[in-house]
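What follows is a pair of complexes built around subunit A, which joins subunit B in one and subunit C in the other.
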Partner chain A sequence: MNVRLITSFGFAVLRLSTPLVFAALSAAICEKAGLFNMAAESMMLWGALIGVIVSGATHSALIGFLAAMAAGAVTGMLIWVATVKGKADLMLAQIAINLASSGGTIFLLFALTGEKSNSAVAIKSLALPKINIPGISAIPVVGKILSGQNILTYGAVVAAIVLSIFVFKSKTGHHIRAVGENPHAAESVGISVPKVYFLAWTIAGVLGGIGGAFMSMGYLTSFTKDMVAGRGYIGLCASSMVGGSPIGAMLCALIFGVADAVSNQLQLTNAPADLVLMMPYIVTIVVLVLLSVVKHGRATRKVKAKS
Partner chain B sequence: MRSYKTLLAASMTAALALSAGMAVMADEPDFTGEGSIAYVCTGLGDMSFNDSGEVGMNTLRAAGYDVKTVETGDDAAGFLDTMYDLLDTGYDYVIASSTYQEQVETVASEFPDTKFVLFDINSDTEVAGDNILYIYFKQNESSYLGGIVAAGMSKEGAIGAIGGVENPVIKDFITGFVDGAVSYNADIKVSTGWVGDWSNTAKMKEICNTQNSSAGVDVFFPIAGGAGTGAFEAATEIDGAWALGVDSDQYASFIDSNEAFAKVIPTSVTKEVGNTMVTLFKDPESIEWGSLKAMGVAEDAVGLAENEYYEEVVPQEVRDAVEKAKEDIKSGDIVVKSYFDGTEDDYTALLDTVG
Partner chain C sequence: MNNAKKIETWFDLFRILVAVLLAYVIALIILGIISDDPLYVIGQFITGPFSTFRRFGNILTTMIPIMFTGVCMCFVYAINKFNLVGEGAVNLGGCLSACVAIALSDKVPAWLLLIIVLVVGALAGMACSLIPALADQLFHADVCVVSLMMNYILLYITSYILKYRIKDPGSSITASYKWASSLKLGNLIPGTSVHFGFLIAIACVVIAAILFYKMSFGYRMRVVGMNPVFAKYIGMPVMATIILAQVIGGAFAGIGGTVQVIGMFQSYQWTSLTGYGFDGLMIAVLARKNPAFVPLSAFLIAYIRTGADIVSRTTDIPPEFVSIIQGIIIVLVAAEMFLSRFKSKLIFNSAKKALAQKEGKA
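So, the complex of A and B:
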């Protein structure tokens, strides 16, 4: 492998991981509140579409980006309304919203533009900038990997750190974790569980919306049908592996990014395409099993030590 | 509640108005026809295959046919019910792609008075009904021409073909593409890749980037329906890179709205679903039902989009090579390699020669 290959591979890993990190963080905040976020997929899809529409209409990438965040947040709030106010089953509500979003995004796109699969033919949308980091970009190899990424790639790292501080250090973060551990106990000491759920779903929605904005305004420059393509679920997996720790979820997402980049690289060889395309998912299963073996081993040892 | 209903009504009205406004213009037909036709597709707006068919349907509508376009979505579980619903309504003709082959073959014998056209099927398909016409598009021939353009446009001598889902038709595309590229430049390198579905645009872009950084590929040929946009995205970001369109003239689709995309598309490898249907239904009496019809470059059923941008950016010698190849294919002097003529091993061997 020559230097150019290493650089482009490393660069691709960060780029591929970015949407996964946002999806993972979206799942992580929910996990901390004791909620299972299967709907990052929808939040991202709406974020991706609304970002494109609004940036196209306002000619401002920033306003488009903010609108994408809002769209994700609204999706999160909808789940809250359905499950907390409407007492709908959490899993069913999320499955419903995921199915509805796949068709709903296309319906909205069609209603506005007459197009059914791709916004590029109808909307001149804007993309978020790529950032060259002075200083770092001069370092050989590493600089070429770290510098010149989309602004949201750096945003993902910032988001993970901020979310981590919020969850573990702030008072609201403590409340969220308390509800996540035991909602009844938390309620008995005066924490409003519905409020905490509302907050968790909204933050999750915003993070998902940003992930979506990256898809359609950074990674790509247009919205296409079902473009999130399962990245929300990969993020959920990344978060589950580490019990919802934001930093851990980010690192897990990075593992999937590596798997994804490797699978793209393997396409150039004669390896069977089906097998290569399964790579990221095989890695998911293997890592999940390994982690649960390790956790189980630790728990058994603890029990044995006590007895 | 009332305002909500008003909003809903307004948005639906807007949707209808827009869809009417967006309807693809039809050529003025020079013939008339009568009878009812159902055109069954998964969904319009794919900017390639299904839309191409719809253009033809509009021409048939203008000619007097009563044509209904039915969009079924991608869920195969509902296909058979849709067929029965249609046939209970009573149509003279049903036009559907190979996606619906199983369902059409199931219902064809129960509705002997209805005639079925199944297009884009494999060339080795067995005819299973004397009221079905099977149409095989020789996509290997048009891809051969595309391969010449790709090889002629590549500065690095490396080109890439990226398919959606691995299937015989897409492999036939790739076979012709490789054959044509090699005919123009015997030393050409061809990389292949698969997206795994027809919608993951980002994956398509990533594969193109990887082919570029690892193998120097600078001309991409995406054969992946909606995911193809990812290749245009990649080409706009790589200096001097090109991407061919597929099925419809994709330069024409993008030039008004997204010039950056259009400017990386020197030509498109077209599959004229619509034209083919118009040619057929000009004279429905002459259709030989219960047969398989192969349609290629000679029948103008497949080809290259030779628009003004093609004339502008593709060098004269490449265009001459395309013209020559077209003549030779029509006359039979060139027999383009087809995936359907060989075995899987032959296909792998062919890719190995350009790997």
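So, the complex of A and C:
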């Protein structure tokens, strides 16, 4: 492989991983609270659409970005309302939201612009800036890979670190994990479980919304129908592979990003890209099974030791 | 006590009706707002599916695949495992059946080939759902995540088979070689697109209903679904029941894929997931996990879909707005608190009346 190929490949990996990292973080915070976030898909879709609409209307990428975060958060809150207030089954509610969002985003786009699948012509939306890092960009190969990415690619790393500190070091993070371990026990010591769930869904929504904003305001510069295309589910898997640790989820998302980049590269040649695209999913299942075996084995040993 | 139970059963039905109506009304309002000619659009949406015989046939045709996946999800939902592999099972069932159909097209008589492809579809579906079920039961990996991953794996496998093994290079679209036209399921109702797959679907519903309510397996399944700890305590084979229920469900989804492929097309053309698996979940929810109600709820969904399809063809409104209706219906039906105050009141009043009667007698 020549140097140019390596740099372009590395650059693509980071670019393709960014939305996956946000989806994984969105799933991770829920997993820490003992919830199962299948709806990152919807959060991202709404974030992507609202980001485009608002940035087009206000001519400000920043306001569009904030609106995307808000849109994701509202999606998260909706799930909270349905499951906590309405006592709907968590899985069913999320599948319903995913269904409704896939159609709802297309519908809103149509209602506003008359377009059915792409916002590019109707809405002049803005993209989030790319950033050149002064010191690093001078280094050969590595600099070309790390520098010049979209601001949200760096934001993803920051988000993972901040989320990790929040979950493991802060008091609220402690509460979230306590509820995730055992909601009844947490409730008995005075932690409000519904409040914690609300917080978890809102944070998850914001992260999902940012991921969506990257899709439509960085990865592409317009909203297209069903553009998230399963990335929310991949994030969910990345997170469940590591049990919801934010840094771990980010690294797992990177693996999926590599697979994505490899298959993109292979699509240019004549190799069967489908089989390459399949690999990360197989890896997920294998790792998930192995981790569950280890975790379960540890749990049963603990029970045996006690009795 | 019996009275309360009766109220609950009726109330369930009432709640589903209210949820459907509410979702429908919301859809009408949305349609009304965005359309230039709301009355015409709403009229098309409501009465369109019944306006011609052909369109009514479209409802029945739309019902066929989602009845299979609906039955599939009844099994999965009955044991409270969210194995969503029905989605991928449809693809794999259809794809492998297509492979077999292409290979054996001129070598065996059509009736035998039909049986063979149905068996292939069923086996493919069973294999699909067995993997998440085993991962869940033996290794405690989350069945939902594993099945979602399986769906993508199955999609890529089938699309690989289509593109590299059975693709017809002479075709302008991505499609497989054609199989003998004698295999294509015949027309059931002349003048419509309804094919014999409809009867196969109804047969599957009947088989599923018998399994559910006339055989000890069905009873076991329902007990395990309601309370696995209790089931284990009274000596039921919980793990075997859970795995078997998912495998049987997968078989129905696989057959669904087969029937859809040989009923609608003469070559295999799917390059994406069909969405039938998720539709199946919704139908199972509406049918209250009872396979006997699957045709009814499938009809309802198919009616809404057909209406949306007509609207999108006669106006420029995209048909995707149906999925909003579907989402609202699922959430409302799934939300226990929806109308629950009303239900408690009904039960309270009936109990009070019963008490008053008792006291009156005494």
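Here is the rule we use: the second predicted complex is superposed on the first by the 275 of 307 C-alpha atoms of A that agree within 3 Å, B and C clash if a C-alpha of one lies under 4 Å from a C-alpha of the other, contacts with A are read in each partner's own complex, and residues count from 1 in each chain.
Everything that follows uses one rule, which is that a residue touches a chain if its C-beta (ideal position, glycine included) is under 8 Å from a C-beta of that chain, and two chains touch if they have at least 3 such contacts.
What you are looking at is a predicted structure, and each value in this text was computed from that prediction instead of being measured.
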Subunit B versus subunit C as contact partner of A:T221, first or second or both or neither: first
Partner chain in contact with A:L199 - subunit B first, subunit C second, else both or neither: neither
Which superposed partner A:A70 touches (first subunit B, second subunit C, both, neither): neither
Touching partner for A:V54 - first (subunit B), second (subunit C), both, neither: neither
Partner chain in contact with A:L45 - subunit B first, subunit C second, else both or neither: neither
Subunit B versus subunit C as contact partner of A:L277, first or second or both or neither: both
Partner chain(s) touched by A:L5 [first = subunit B, second = subunit C, both, neither]: first
Touched partner set for A:L16, first subunit B, second subunit C, both or neither: first
Touching partner for A:K124 - first (subunit B), second (subunit C), both, neither: first
Where subunit A meets both subunit C and subunit B, residue numbers: 107, 110-111, 114, 116, 274, 277
Residues of subunit A defined as touching subunit B within the complex: 4-5, 8-9, 12, 15-16, 19, 107, 110-118, 120-124, 215, 219-222, 224-227, 229, 260-261, 264-265, 267-268, 270, 273-274, 276-277
Subunit A partner contacts - residues on subunit C that touch it in the complex: 30, 33-34, 82, 131, 135, 139-142, 144-146, 148-150, 152-153, 156-157, 159-160, 163-164, 278, 281-282, 285, 316-318, 320-324, 326-331, 334-338
Residues of subunit A defined as touching subunit C within the complex: 36, 38, 82, 85-89, 91-93, 95-104, 106-107, 110-111, 114, 116, 230, 233, 236-237, 240, 272, 274-275, 277-278, 281-282, 284-285, 288-289, 291-293, 295-296
Parts of subunit B lying in touch with subunit A, wherever the complex brings them together: 11-12, 14-15, 18-19, 21-22, 43-47, 166, 191-194, 196-197, 199-203, 205-207, 209-211, 213-215, 226-227, 229-230, 232-233, 253-254, 257-258, 261, 348, 351-352, 355
